[in-house]
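Paired with chain B in one complex and with chain C in the other, chain A is shared by the two complexes that follow.
Moving on to the complex of A and B:
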């Protein structure tokens, strides 16, 4: 499958996963296109479309938490940011992404967050 | 002032971070974690773990300060602070 077809397939597949989680693809189409392309390359390299914006750890459990869409494993952080770390997915109520920021877990003001 | 960053070749925010410092003509050094060899990756993960940083990139070090994620406002604040010294 060529890159464009695989990007389309991933987009279709991911949309079905993130919708019930309250997320949608970013309205920034250029960003979405770039990120999906990187995921196709990561899938070709590793066999799995990992998050392009997080470094892969050595352990399998840690890697599984970075399979896109990784929202369920970073729920509190991403809900606070209103987007995932890459900004590939945003909360359904987000229409303008200009105010969104990457906020590290250590700066999320919520008690009891687990690092992963 | 010394600027160093750990980045990923696949991450658009890492690219934006590099672009930010290039546009400001601020020299920096960087290592793309995903393109490093296994030994270097292990060393980077150890270093980031000691700094209490998870797997999120980019990680920007401006002198002794660490910024995780693309955050131009914070970069400017730290660069201004560095200039005042």
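Moving on to the complex of A and C:
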């Protein structure tokens, strides 16, 4: 399998999923290219393009929540961060990614209140 | 030589249609108005690709979910391994499945053949006589 072709195919398919969720690919093309490549390697190993930035849990339910794009399973957190955990996807209104950072769920006020 | 194999009105956008021409099965794919012709058999285990799903230029096999580029015939991914979740299958079934998985791990997913297509009015014509592409095995 050709890595470049697979990257292009993943990008094509993921775009259709994240667009209705209000996200787009990060404007940082180099990062996007790198992350998609990691997903191609993960797909080769596991058969599924898991998130390349998070450890895979042992239980299937946990793993399924890390299938890229995992936005629906972490909506509250990613909406607050304005990007996904890897920064592969960002909110549609984001043009500059330099201010974005990973924020643990425990530091998100709304999530804390809900858990309250 | 191009021969008529179907009408444009028979294939909706995003749809596929399998046709038999001179004993050879092909699938016509409509990617947003552009027609592509590919061989019907999956490059993995020969499942009928017209029963799969077409997402733009990417066709997913209905059997093990290998994906192919309908514009070039290139295999884009290997089959997706069956995930039975955390449930442990009954012992005999587990042995059988392990055996199947072992055999399947030796099967290479090949590119599929594509054929030149010409659309004239409502008529879709395909040239099936072009070189019988070598299958990469």
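Throughout what follows, the second predicted complex is superposed on the first by the 110 of 116 C-alpha atoms of A that agree within 3 Å, B and C clash if a C-alpha of one lies under 4 Å from a C-alpha of the other, contacts with A are read in each partner's own complex, and residues count from 1 in each chain.
In the analysis below, a contact is a pair of C-beta atoms (placed from the backbone, for glycine too) under 8 Å apart; a residue touches a chain by one contact, two chains touch by 3 or more.
For clarity, every value in this text was computed on a predicted model and none was experimentally measured.
Look at A:105: by the touch rule set out above, it reaches chain B but stays clear of chain C. Put chain B and chain C next to each other and count what each touches on chain A; the higher total goes to B.
Of the two partner chains placed by superposition, only chain B is touched by A:52; chain C is not.
When the two structures are aligned on the shared chain, A:43 is found in touch with chain C, with no touch to chain B.
Once the two complexes are laid over each other on the shared chain, residue contacts for A:5 go to chain C alone; chain B is not touched. Shared-chain residue A:13: touches chain C; no touch with chain B. Contacts of A:94 after superposition on the shared chain: neither chain B nor chain C is touched. Residue contacts after overlaying the shared chain place A:67 against neither chain B nor chain C. Once the two complexes are overlaid on the shared chain, A:86 sits against chain B while remaining clear of chain C.
Looking at the shared chain after the overlay, A:21 reaches neither chain B nor chain C. Chain A contributes residues 31, 34-35, 38, 41-42, 52-58, 62, 66, 85-87, 101-106, 115-116 to its touches with chain B in the complex.
Here chain B touches chain A in the complex through residues 6, 8, 10-14, 33-34, 41-42, 44-45, 52-57, 68-71, going by the rule given at the top.
The residues of chain C lying in touch with chain A in their complex are 55-58, 67, 69, 74-81, 83, 85-86, 109.
Residues of chain A that touch chain C in their complex: 1-2, 5-6, 9, 12-13, 16, 43-44, 46-48, 59-61.
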